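Sharing a structure here in structure tokens format.
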Amino acid sequence: MAGSSFGTIFRVTTWGESHGPALGAVVDGCPSGLPLSSEDFIAMMSRRRPGSSIMSTARSEADLVEILSGTFEGMTTGTPIMLLIKNTDHHSADYTEIADKYRPGHADFGFDVKYGIRDYRGGGRSSGRETAARCAAGVIAEKVLESAGISFVTEVESIGGIPYEESEDFIRHLRSEGDSCGSVVLCTVKGVPAGIGDPVFEKLDANLAKAVVSIGAVKSVDIGLGHQAAESRGSMFNDAFVSTGNGITTGTNNAGGILGGISTGNDIVIRAYFKPTPSISLHQETVRSDGTACGIDIRGRHDPVIGKRAAAVVESMAACTILDSMLINMSARLSSFRSFYGNK
Amino acid sequence: MAGSSFGTIFRVTTWGESHGPALGAVVDGCPSGLPLSSEDFIAMMSRRRPGSSIMSTARSEADLVEILSGTFEGMTTGTPIMLLIKNTDHHSADYTEIADKYRPGHADFGFDVKYGIRDYRGGGRSSGRETAARCAAGVIAEKVLESAGISFVTEVESIGGIPYEESEDFIRHLRSEGDSCGSVVLCTVKGVPAGIGDPVFEKLDANLAKAVVSIGAVKSVDIGLGHQAAESRGSMFNDAFVSTGNGITTGTNNAGGILGGISTGNDIVIRAYFKPTPSISLHQETVRSDGTACGIDIRGRHDPVIGKRAAAVVESMAACTILDSMLINMSARLSSFRSFYGNK
Amino acid sequence: MAGSSFGTIFRVTTWGESHGPALGAVVDGCPSGLPLSSEDFIAMMSRRRPGSSIMSTARSEADLVEILSGTFEGMTTGTPIMLLIKNTDHHSADYTEIADKYRPGHADFGFDVKYGIRDYRGGGRSSGRETAARCAAGVIAEKVLESAGISFVTEVESIGGIPYEESEDFIRHLRSEGDSCGSVVLCTVKGVPAGIGDPVFEKLDANLAKAVVSIGAVKSVDIGLGHQAAESRGSMFNDAFVSTGNGITTGTNNAGGILGGISTGNDIVIRAYFKPTPSISLHQETVRSDGTACGIDIRGRHDPVIGKRAAAVVESMAACTILDSMLINMSARLSSFRSFYGNK
Amino acid sequence: MAGSSFGTIFRVTTWGESHGPALGAVVDGCPSGLPLSSEDFIAMMSRRRPGSSIMSTARSEADLVEILSGTFEGMTTGTPIMLLIKNTDHHSADYTEIADKYRPGHADFGFDVKYGIRDYRGGGRSSGRETAARCAAGVIAEKVLESAGISFVTEVESIGGIPYEESEDFIRHLRSEGDSCGSVVLCTVKGVPAGIGDPVFEKLDANLAKAVVSIGAVKSVDIGLGHQAAESRGSMFNDAFVSTGNGITTGTNNAGGILGGISTGNDIVIRAYFKPTPSISLHQETVRSDGTACGIDIRGRHDPVIGKRAAAVVESMAACTILDSMLINMSARLSSFRSFYGNK
């Protein structure tokens, strides 16, 4: 089915495989009047790019984002923005050995069962490279949000259970062993006004959860204190409301800025839990597509930890989600409708 | 916006407030030919009903589900099924003190900011009572899934960090103190075939995450090992594929039955982390809608722990999500299309 | 599939069969703060009601609309509004003869092929009675639009090719013969501001066309001069733009108020072409569900012309479509976003 | 809003302006296993291409369709198919005079009011050139449908009220006068099985109406006898059901193959009524964006009649609509679900 679109008003549709000529995103529903050029994408794309840290592979694609539509004289026009990223550094030869073996931890088997055909070169559509298109879309979302004073702080919190800043030796060790490990990304969104999100199925946190878990290697997502909430008591967990210079919000923020699916005006706090990179150099057991058992040795360049590069993806997905919710929210009240269209 | 619908082919639309005359769900897109009667709902509704365990309030609504449309001679016809549940036991008088105070941990403040108006009687639309409609829909989803050999095991795993079976004294203690605590619900889905789910934004786990986090008090969701994956190594976390009598699947199941958004044929394992019930009897600090500080004493009957009743809701949301994904999946291959419509 | 919902932000989900206990609509996404009570529905429902003119049947249901959710103290709250209409006047006994015969001009055969089961009592879900729910939803849409100065004039233009005001004798004649005929409904919407609608697939006229053709008996829809445009020349058809006291619009209105899918500020002009009521008293040839040929004599009360009652339905569908488009349009520009959320 | 997508399971998202570097479509949800290459697009693209008949302009773009994703070794994989068409023959210089004048019959004014910015070069997003992307998508839909024995016959029926085959002199005359005229396109779809479409808002004819009216210059759409149905009598219009060697269908086909929104198995008959090409060489009156009156002389190459090229677009939109409906229909019955997933 058509599963490559995300969002209602601000809708991102990604396309492309890791080893085709290009991949990208169509960003439809972006408000008109936003200054936008290829340069805007450079910072985000280099945060996500391989080779940008000790954690990541040496694969070094420039990941320049070309804007093929949707802008005129440097401004968005409200029409779909086509963002194209060329694949310049792929080596199909690396993947022949895995054409009929199912790599543990990957979607290979699922694709074969579902579709009966699979682009085995580097994961094809399920490659982490698809997230480059999400980051390109996220740049646009963040630019719109920035105009309303909203900003993001996203960082790797821990690597294999070790605080990020203490984990460098551990990563070198993993790499030398040919192994990988999981990580936690913490994304804090500042400046989201109270009142964003919808009460039932379209809760802001529900959509953030979907957004974050739709990133390939994520196995869990927390809002605020997240899974620790299950061990807490109401008398300690409840955040008291207080009045501030900017109006009402909560004093503490155990809820992570969202109550009942609607933002409280406090920081929105999201944690994404990434599993270990499934591609490891160590020998593994698996089966071939005909069901016969075999060993598998995955070659190629793979990050021992996905967190550092994935931080850009988590942030991008959060930005797209929050922007969509804010655009939707503009029509929540009759008084807004009347004031927009003239009170007659 | 229209935020009360869930699903694409099998779509559930809930409606109703806790203190109106009734609430319910429209289940649209249910396959035709399913036997369905009011009796089918009794077991699930009593799992969710208040007063069904030591953990829950004494409020005892029968929660009979009336079928107003969509069946003929006891079978679903493919047209929308309207499920109506009357509200028979509400006491509006309990809620006057909180009409202009924002209850900590509740959506009151968000509703007021978003809509400028709020049904303060028992939470209105954001009341946990809305989940009765989800459970009614879940019954239908489970009946369809059952016809393909899919079953659910859902249980409370822990209460405030204590294993469920050891927590009875703790709950009595909480209740006597007027406090509440969080809980963990574990839902295991057995028999889902491999190949269900879509590769990118409509990943099966992404939709399950949205489904589960859309339940009011959930602050985190795990798929498989979930947040523990972030502390694990690839060599240990990766599940090796194996051949079984039923075809290929994974030997271990750290992934929780989903890889790259697509089911592996192994059990689907979901954990929902519930925050402590926000309504506690203890005195709390908050503000009025005009921003002035005040204390608040919440009266009424409230569960000290939400887990036991919420298990039915988690299961229902999982059932709706998986069924929708399975219905969508039927058209994934050209060979299925040709075989359905005749190979000409 | 879930085919009973219409709209994106303002979404109407109808449910119910002609011969079940009730039918209705869930209106989700209505802006909060709209005064609404059961009385608001009376005028529209009586326009649609059987027996309201010489053209229609004697079936006389009161069609009272009960509001089961979504309002508080007489105002909409932004949550889903459940509208329930009881079926009080059905005679299942009328329909036994047609249980296994396919009525010409009806959906009976299609339902059987698609679903393998069919509620044959009065058409079930495909009965014209389903449109009562659309009219109830339309009342709400019109009330919101009215607050922005938008109004509707809807009338039957012709009956069987004869101007409406000259057709009374013709209808009496049809009725005496047991025959039926087609009709044209003209709906004019005044006051829609320029700029409403989207450029490509979500054109305002495309959505109006879907809305109108989704009414059972409609076989054609015109926007502005409609099908006559195909016989016209550009030099005559093009509407020159002019400046008026209210800003720019077109001087003439051959386009019917929409160009390129976006409103021009001129009246929106829609014509719906209804086929003859398929249920006629005359003997007809058809087949049984097993394929054997047979004659069929349809008893019961049926309108010889559907136009008069259907006018309310056309207007209601137009109102829902235009309102949804106007709500969506509020987030089209970055400047609106910034002004709504504060220019920081 | 995100208005550039069409379809639920088979979803087409178009992007691009007439004078940007390229335009195209993302086709998401195409079943896997369909052979597809660039050559498949040549025939359809040349039917739509300018210069392909006496009716059209001399602009001669090759309109080669490049496949950037979604296929592997010449077969679709189920992932989004990115179709890119370069714009090779645009002359921006032609459009400077119209930068601040609103062309009669065009969307210029609507775009300015809605978005506050507009790509005035050749209509930008509202240019007829956008339909090239629809035709590319239509090729894929037709290939899938062809595998189930479904075929299309699409032709221009009349030009300015004159039968197509008699209109050549008239067109020459129009061209010499610098004028344009409307046309009627007739699209007949053969082989669609009975049972396709949904009963209420997602009626097959409702979606076809939306699909066809979403083509820029269409002002009316007929299903079957269409607007003539309004002048007809039930005794003549109703199509009697008959048994044939292929099962039950209707003997006559006044309904155009659809009853109550569901296909009857007979030919689906659609007529699209196109207004005269709005760009004419004759001098016209209009206003500038500041509201001052002015004359306008539109230069450039424009078709005097849009029908011939538009036939390919009507057919493509019909194909996308019918395919989507057929994919959705595969999950309508519980028996199909059980048979697909194994009857356990």
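A, B, C and D are the chain letters, set down in written order, and residue numbers restart from 1 in every chain.
Everything that follows uses one rule, which is that a residue touches a chain if its C-beta (ideal position, glycine included) is under 8 Å from a C-beta of that chain, and two chains touch if they have at least 3 such contacts.
Here the structure is a predicted model, which means the values were calculated and not measured.
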{"item": "Contacts common to chain A and chain D (chain labels)", "value": "B, C"}
{"item": "Most widely separated chain from chain A, with each centre as the mean of CA atoms", "value": "C"}
{"item": "Between B-C and C-D, the pair with more C-beta contacts", "value": "C-D"}
{"item": "Chain centre separation (chain B, chain D; CA means) in Å", "value": "42"}
{"item": "Chain centre separation in whole Å, for chain D relative to chain C (CA means)", "value": "25"}
{"item": "For chain B paired with chain C, centre-to-centre distance based on mean C-alpha positions, whole Å", "value": "35"}
{"item": "Where chain D touches two or more other chains, by residue", "value": "1, 3-5, 8-9, 14, 32-33, 78-79, 114-116, 125, 193, 199, 327-328, 331-333, 335"}
{"item": "Parts of chain D lying in touch with chain C, wherever the complex brings them together", "value": "1, 3-6, 8, 14, 102, 104-107, 109-111, 113-116, 125-126, 130, 158, 160-161, 174, 179-184, 193-203, 205-214, 216, 219-227, 229-235, 237-243, 247-248, 250, 255-256, 259-265, 273-280, 282, 284-287, 291-293, 328-329, 331-333, 335"}
{"item": "Chain D-facing residues of chain B, complex", "value": "8-9, 31-34, 76, 78-79, 144, 147-149, 191, 193, 199, 326-328, 330-338, 340-344"}
{"item": "Parts of chain D lying in touch with chain A, wherever the complex brings them together", "value": "1-5, 7-11, 13-17, 20-24, 26, 28-29, 32-33, 68-70, 72, 75, 77-82, 114-119, 124-125, 327"}
